[in-house]
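Two complexes, one shared chain (subunit A), two partners (subunit B, subunit C).
Take a look at the complex of A and B:
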């Protein structure tokens, strides 16, 4: 037994084993298993229509998940994104109703998002307040602010601009929902930034070891500040798509959205401790959860079961990941 | 360096030593709030209003007592809101079928304690970050309660003892307030005057050191999770008594209010630092603000905005004061 184990330890691990050690591959296998299982058990699951539909639904957590992952990798958290979704829908819809211009509405929404991100970022990076507390606070403030402003009523989109409606039901080449296209473009762009641009490396460095990053000459505060702005702006994009989908500014929009995104991000192997994880992993995490919930619905399970099963999967996935890491570190 | 600290130590004034200065700030904030509100609305100091405030504090304080212990050990539980709703439904259902308050209460405690145990085991044995683990549990409970019942579980037998749990009085004091006070005192004494309490602080401050000195840090954390769960059990029964039904939708956002109160009270999310007395002040500040907004006739949606501002502001003040102390 001991002979065999020493022998195997000395030889190079097989290619397959090395591939499996990569988080993303394990997730990809999970995703394929989910797809395979439901393709067999649910009629019409594996159809272009259904798969692209799910991609469209996944676009919101995918887009917001990029920001969530970036903030996690920098070693902070942002749980204000759910409330942000409801907040930025107000300037978007109001400006569009007034000016009949999608561009101005989106510009207004992005400006709001920028300000919110700057506030979160300033309070965390420069004032030094724990980011969980900051974003818990702004989460309350924004949700309460939306309730106050709207009197807990939805503000309908009266302009009904074609370009805005296209965001919800339009499809590129009549196949891929525009929202999914936007999500993929943003994923590729930010994936490139995180892997190949100096700023992406700075984010990993800051999250991995803040002190070392500081000594290496990185402006730790500025990096974190920008991460919060990225998170808020991406959540704004998700909020714009959501507003298009429901055709109004809903005061309850995005309730519990932050938990859904955080769960998928962590499932994708992005560590809350900072410095670890990838956008590919996050995207796979989102897709696994979305296809799972779509498939379970196809099986006729009530939506409540989806919540229960999602919760179990998240705990199991993180526990599994943790066990693997401990074994890799020799216990 | 050590000479410096020796020199500054005696200069601290006694009040600060007694309370810890963050509590002092909070006490001043609370006093200022009470004065400001009572000037604007004299009925603030009526007996009925004070009892109303205390009753609203009770639920939050009960769960916050457990949560303070848990956060001191550097863990957190986001599932308390979802658990609160589930516990109320289960307690009510058992009460309906057994006609016994004791059995209903035991079922609620067993369920809520079980949730705490589950969270604790996932965090300590499987090493899952508690923020994630309890988000997972929260989802499971939110889904689970609807699988258990889609509608509110009505109170069928109207036991007087059950109604008293939420709405009764002993003398002039509401029963929930007495229960909250009891739980608070037990938790306070445990944290402050027992070895167990010291160990809980130690685990939060430096878990490795605690393990190396031969203590089982996992057991201590597990204990804090179970205590938090049991507190939710008590609160869940009181809530269903107050609503005269088990509501599956109850407790939305309750976890955030509780955590906000604990943080406001000066307990650090990093663990090892904090006090139950601070939590008591935190709960009072939040609920006095809530009450003030109502009796001043302001828009009740401010009840979400103001606590958000207060949490950030209080934490910031704490940081500024710490920086000043270091200098």
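Take a look at the complex of A and C:
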């Protein structure tokens, strides 16, 4: 027997071990445990109404989480998404109020999101500034801009278009909130991109090892640039749904939203170091936190405690993950 | 107009009269250094062209210009007679120039199969990646070459030797006109090397121009048609291999003759035991290993790939955990089993993986050298910079470390000089036992003999040197005693006088 074959036999764990090594499976088990626990302890928790409600609430972090995960996987971070949520509501509502057209309003919002994404992406990928700093900066600039522009008063949606309102309370077949449907469609589409399109793999490669990606002929800067645009556009979609829910452009919309998304993404096993994680993991992370928060509320636990518990869970999850990885690498 | 290794016969026959690649008058300057000075390099299709030279001769720079990693400052590059402008790795790959770099350039989280097709995924309907084809083609490719690697394995989980095979296979997965291999055999077994040579000869027979960079003279004499030697950034000679002998080749490379690669200066070893290892076992590899190393001796450990040399090195310095056994350094037991205790007792490791386990590439030479002994330069908790610099300068002078200054980032030094910086780090700390793992990996002939002289001197100064090596000449030339490992066990310990290549290899096979 050759030495090479003994070596590879050693590195191939059993099928079962490989299944359990998969982040997603562990997360799925956690989610089922959370659902099972609250189904027993909280009345009406396990009802179609409550479950679909939570999915509707989860749609915002799910949609923005896709962008957050994509940027993480490319090896960067984007924490400007919370402010972006509030900012894009301005062009959206103003254009709709002026034109009575949802399409033009959404178009204006997406264009604004595109510009912000391009600014974040340019400063990070081409000007070489650390993405945490860049997006921290744009986060403050946008939030400040919204405060200045609105004078800290909400701009109400006067057009009250049915199609816009449907985004907040409409349900497909009267069951599934439209926002959750949008989230699922986007998840499937981007999940497909990340796994089966060359561009998705390029994102993983760039985040996994930038120098190797460059040697393989990838345009590392362009890949990162596009990731920031994806993130900003998805946050814009989340912002549009949020504006529909509150029926106005609010200067406080999306405050701390970015940290909620980052928390769920990290819980979902997407590494800040880049190159590791999946959108499935991110989605499971979002759902675990959302159902947990819903269930704890059902138990009558005050919000303050939910924050404390969320914080502990994230640290525990990442610590667990790190321990597992260390064992796998045998160090 | 190209040849695809996976599907030979599909390519068009290559015109043998036009050079595959022609570099003329290439200049490349880095701040303060002329890396290449008016270098010409011409590759004929179907020929294996060895590129040789010492550290800093300009080989890597020339390869990186071909690969598009660096731009050239002057000169022209012609591909089959047509002038091309290579500005990025992408341009180079598009022109069919495939470079197998010495440093593993793979994404460790990806499977082997995905890494093989990294530079161009085969896509099917609607532009989706054709994973089935990727798996099938990479399995077929390994079959063809005869390398035994699992295409479904996560690349990062494989040992370095297998990663190197993946690197080589990757260069063949796409159409190639020029294949450049930079030290491709540094972690392959003899068997794998002969497979590689078959592959290289087949590439040449398909009309591909092959550049083979190696420090191993025997390999070059075995495989090359032509040899180009660079020295100090200048072109020295290009000759058919038949016109060279080892001596003339070495002479071209270093500009002087080396009569003895292993000039032994030290006296006989003492009898004082500096390191004693008793019944050492680890979870992963080592099984009941016991031996002693004496002050002033070089104890060489030989073993084939996977024998457990690196594992032993890491276990005895306290870096990797052990499950049983006792390690004693200079009379004191290494407990608790960690590197902090190890360093305190006076045992240190010169790692085989300088880049990720030894050096902090971004930091200057002096910080890398003084790292383990900052306590000695401290005054009231602050590092006395002047004292630190003086101490490091002393080592730079003693070991003739070639660096523009103490403040140069260590990543810009050549492999041999980086190795000397690491040795300085340990000597400054006042070691009693130094464990060196593949001390000359990636280091070329001239610098090798300097490293040998350095190891000789370390033993001469009374250190016990435990040397892990897979290079027979190094083992026989430097060791006082030779220990042989096989699959985690110690199979033989013999004195240098008893040792022959045969009985060493017999013990290594087990």
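For the reader, a short list of remarks on this structure follows.
Note that in this section the second predicted complex is superposed on the first by the 315 of 331 C-alpha atoms of A that agree within 3 Å, B and C clash if a C-alpha of one lies under 4 Å from a C-alpha of the other, contacts with A are read in each partner's own complex, and residues count from 1 in each chain.
We take it that a contact is a pair of C-beta atoms (placed from the backbone, for glycine too) under 8 Å apart; a residue touches a chain by one contact, two chains touch by 3 or more.
Small disclaimer: the values here were computed from a predicted structure and weren't measured.
When the two structures are aligned on the shared chain, A:275 is found in touch with subunit C, with no touch to subunit B. Of the two partner chains placed by superposition, only subunit B is touched by A:263; subunit C is not. In the superposition on chain A, A:136 contacts subunit B only, with no contact to subunit C. In the superposition on chain A, A:148 makes contact with subunit B only, while subunit C stays out of contact range. Legend: residue contacts after superposition of the two complexes on their common chain; A:224 is shown touching neither subunit B nor subunit C.
Set against each other, subunit B and subunit C touch different numbers of residues in subunit A, with B touching more.
Within the superposed three-chain model, A:322 lies in touch with subunit B and out of touch with subunit C [touch as defined at top]. By the touch rule above, subunit B contacts subunit A in their complex via residues 122, 126-129, 131-133, 135-140, 142-144, 146-147, 256, 259-260, 263, 269-270, 299, 301-309, 311-312, 315-316, 319. Within the complex, the subunit C residues that touch subunit A are 67, 69, 88-90, 93-94, 99, 101, 105-110, 114, 118-121, 123, 127-129, 131, 147-150, 153-154, 156-159, 161-162, 165, 189, 191-192, 284, 304-306, 320.
On the subunit A side of its complex with subunit C, the touching residues are 2-8, 11-12, 196-198, 201, 204-205, 208-209, 211-219, 275-276, 328-331. Across the complex, subunit A meets subunit B through its residues 77, 123, 127-130, 132-134, 136-141, 143-145, 147-148, 152, 259, 262-263, 266, 272, 302-308, 310-312, 314-315, 318-319, 322-323, 326.
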